[in-house]
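What follows is a set of structures to go through.
Two complexes follow with subunit A in common, the first pairing it with subunit B and the second with subunit C.
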Partner chain A sequence: MSNAPSTEDLRIWLIQRVASYLEKDPSDISPSVSLTQYGLDSVYAFVMCGDIEDHLDLRLEPTVAWDYRTIDALADHLTTLVDRRAGGAG
Partner chain B sequence: MTTLEAVATYLPSRSVPIRSIADELGLDNAQVRVFERFYGLSHILREPDGTVADLMLAAAGKMEELRGREHRIRYVIQARTMPVVAPYPVNPVHDVRRILGLDHAEAFAVFHHACASGLLAVELSGRLLEADGDPDALALVFTGEKTFTPAARTVPGTAVNGEASAAVLVGLGGSRDRVLSYATRTYGRFNAGLSLADAELGEFQQIYPDALAEVMLAAVDRAGLTLKDVDLVLPHNVNRVSWVRLCKLIGLPLDRVFLDNIPVTGHCFCADPFLNYRSARDLGRLNPGDRYLMAAVGLGATFSAMVLEH
Partner chain C sequence: MSDVGTLERMFGDPWDPANPLGHAAAVAADEREEMFGEGERLLDRFVLNAEFVPVEYGGRLTGLDRLVRMMRPVWRRDPCLGLGYGASSFIASVNVWTAGSDEQRRAFARMMLANRKIASVYHELAHGNDFARAEFAATPGPPGTLLLNGRKEVVTNAKRADSLVVFARTSPEEGSRSHSQLFVHKEDLPPGRMTDLPRFRSMGMRGVQLGGLLFEDCPAPADAVLGAPGRGMETALRSFQLTRTALPSMMVGVLDTGLRTAIRFTSGRALYGRTAADIPQVRATLAEAFADLLVCDAFGTVAARAVHLLPGETSVYASLVKYMVSKLLIEAMDRLSLVLGAQFYIREGEHAVFQKLLRDLAVIGFGHAARVACLATVLPQVPQLARRSWPAAAEPPADLFRPDAELPPLPFDALTAAASGRESLSTGPGALLDEHGADPDVRRLAEVFARELAALRDEALALRPRDLGVAATPEALAVPARLAAVLAASACLGVWRHAGDPFLKDPAWVVAALTRLTARIGTGDGRLPAPLAERLLSETLTRYADGRAFDLAGGPIPG
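Coming up: the complex of A and B.
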């Protein structure tokens, strides 16, 4: 059994992080809405990347904030990365 | 054809970690970490006791090619980002002209393209010299500024600005560093620059890579080349990640963009492409016959690219 977070775990965690950056309630954040529509500026998009790196202990491509614009897309991408790492570790 | 007869640069000796001036820049810890980890920014250079005229004179002092050719200088042009850099009636470009013994030359400043004004000044120099019809006449372009106000120290969320300067000797008949093309486009709706409202700032950030790609590809096309023919891009040094994004968009290998100076100098206004030219030459990254592209973006917002042959 793996300790890796599921896509749903990551989605919830990302919603909490984004809500914290924007000083909003997590219930106000939809995972399918583009983060730029919430007014998350580019620096905080990268702050989020740094937080993800710490949370998952991995290195992200610097363009990830532009390539995956919604929490849903980002959670799916991160799940792929985590699964790939787990597979690679054998 | 417009040519760069010489490029000389001056890098102040004082290197300042951006972490040490975070308060001054209005950056919190998380933002500093972003600048270091993702933007590739680490240090900037500062000349604590020098004025902008000192920066220009220091670059001119390193230009051996100027010696004995002073009488051929027809224009002295300061290409700068800031509309105002000294209290009236002080005029740094006039002071520099006088100190260099170039009183016979016309001296003026261009700042209309903000940080892209350096490329504008080269292009303008070529046009003026061509119109004058004297094949031996030269223009001396200066770039580089002081970080003398809070607004001059940073492009919020994007870059940290440093103090370094470049002098560029522009002529018509040189055989090296020939200007093959120039492309520029200004998006006037972003004219508020640093004071853009959040929605407009978001739009500017959204169009940035496409707008920069457009002028780069236009310049390459006007030079009769394709992107594959460009051996090196000499960028503006705002940050690394914007170039990663741009390269991904247009399929340009990142190792063809000279990014070495970003952690060393930060963003030095209009001087960046010329600082990078000098560094690239010193490191053997430019060989005779190489085609290279200088790129710059000015708040306001102007996107510019120039293709040259070394």
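Coming up: the complex of A and C.
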């Protein structure tokens, strides 16, 4: 990917995804609240993992959202993965 | 020798009323609500437990499909033995092989090979899907210990097991990293902290000892945890793919005996001046039960081989095998019960085994809720499968469909909680259509299932995230249910295409199998045309007369 998304880009994108799962307005979603608090259980973790993989063209453990349980934590982790890939490719 | 034929011969002719290992003795034990003692002693002599222990730990477990075949002689005779002697330790074992340390695996293997029992202590029978809600807790106690608190109920062999694999909450946090399995030996627990709850009685599987356990500040060694603490949900999701695949497939043995009982009954019974076996409706029912049995075996065998060959995909197959095979088996037994008529609920005499098998099959945790839970497990994966694998995935390896081909060892490390959109079995119908010269009837049916996969793709892509969770509608759950039929059809096509056996490479059975499956996708009534039913029935009656099993392998059986 030529323009690797920043942590902030990823955060905004994840907020939009989570809002769409919950059929809520993105302004109602806090990136520091655990996803399970929003009722996003293990089922949604698999759905979200697939969406992230498609968005970033990455392969992830299907349980990635079990380990990184807020949007903030996920955005940080995904940035690391994207940066590592960019570094590896360069 | 420890092959299927040896075990069959050791059990002997189940119809011989004088055989202490026969149906009459198994039914009598069931009437007393006891385990079948002679059967248990035989399985001790055979060291059946070795079938659950991988070869590198001194056992005989080389392949999941072999394990299924080894267990069928047991399930054919007594599902209480199948579960209460066999499968419950197998259910416990897969957690240990998947997440345990080398030392824990060795300890487990030693106990198994010494004919001990190990109970799988989840909240419900191990295949319930809501164990994430388990309240049973393991919290840090005095240094080096965990304190266990809570109740576990409806646990097979809770009382007589020497060791337990206990599923416990190890963190108060919400989410899926808050549970762990503990491998606990009763002899390590101080007296008075773990007590047995009264036995649960059940309408089927009446010999199985369903117990409960109450733990009150019961210390257990902290190193009893299997794998890293908090990984229990993932360990369960990964390892139970083996049990979800294998258990329903073992139960094909139950339908074998059910079908055998119905044939025995109809051929000996005169009605309206002919035997019941001459009545067209009866003939069709027998033939259709045989076709359903072959569907169950083909799907179960292919899914068992997929655990070895395509472990990243089996989270999809395992749940759908459990859904489809258990449903087909129960429904086939229900229809056969109509053939037996008033005889089927009589609890004495040589047909009494039928009502026992029917009750056993009904209680084994395959009620409506359990099957819905299997669909609900696959549903969230469906949109990704549609995007990534339908209909363009590469074909699976041919060895998937060749029960005689060697398999690599069970890759416990490669099992994944979800398939990440990868699934290749459904390519079966499409691949057949690409072949030249395929049998026209097979081709016509392959087209039906290829069209169904295309329809499923469109429906899957239209599902919204909220359709995938606990609020899933029956329409959404129908997508994985119909996928199960497509996968079962693919498995049958694959077995047929790669078969060497004269019966299995003949199109008749696969045409019958796929015709039966059209009823599961709403494109047909599943009834076999009379000439096809007669062709299948002729094979069924030949095998019956020759003393051969009704499954794909069709091996010799006594009686």
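In the analysis below, the second predicted complex is superposed on the first by the 88 of 90 C-alpha atoms of A that agree within 3 Å, B and C clash if a C-alpha of one lies under 4 Å from a C-alpha of the other, contacts with A are read in each partner's own complex, and residues count from 1 in each chain.
Keep this in mind: a residue touches a chain if its C-beta (ideal position, glycine included) is under 8 Å from a C-beta of that chain, and two chains touch if they have at least 3 such contacts.
Just so it is clear, the model here is predicted, and its values are computed rather than measured.
Novice: Subunit B versus subunit C on the shared subunit A, clash or fit?
Specialist: clash
Novice: Could you tell me if A:Ser42 is touching subunit B, subunit C, both of them or neither one (first, second, both, neither)?
Specialist: A:Ser42: touches subunit B and subunit C.
Novice: Any idea whether subunit B or subunit C touches more of subunit A?
Specialist: C
Novice: So in the superposed three-chain picture, is A:Gly50 touching just subunit B, just subunit C, both, or none of them (first/second/both/neither)?
Specialist: both
Novice: Quick check for you: in the superposed arrangement, does A:Thr63 touch first (subunit B), second (subunit C), both or neither?
Specialist: both
Novice: For A:Trp13 in the superposed arrangement: first (subunit B), second (subunit C), both or neither?
Specialist: In the superposed model, A:Trp13 contacts neither subunit B nor subunit C.
Novice: With the two complexes overlaid, spot the stretch of subunit C among 272-280, 398-406, 434-442 or 470-478 whose C-alpha atoms clash with subunit B.
Specialist: For subunit C, the clashing option is 470-478.
Novice: Shared contact residues on subunit A, subunit B side and subunit C side combined as an intersection?
Specialist: Common to the two interfaces on subunit A: residues 36, 41-43, 46-47, 49-50, 62-63, 66.
Novice: How about subunit A: which of its residues touch subunit C in the complex?
Specialist: Residue list for subunit A touching subunit C: 20-23, 34, 36-37, 41-47, 49-50, 53-54, 59-63, 66-67, 69.
Novice: Which stretch or stretches of subunit A touch subunit B in the complex?
Specialist: 36, 39, 41-43, 46-47, 49-50, 62-63, 66
Novice: Within their complex, state which residues of subunit B touch subunit A.
Specialist: 30-31, 33-34, 37-39, 157-158, 198, 201-202, 205-206, 240-241, 244-245, 248
Novice: Taking the touch rule as given, give the residues of subunit C at its contact with subunit A in the complex, in rising order.
Specialist: 132, 174-177, 233-234, 376, 379-381, 383-384, 387, 416-421, 465-466, 468-470
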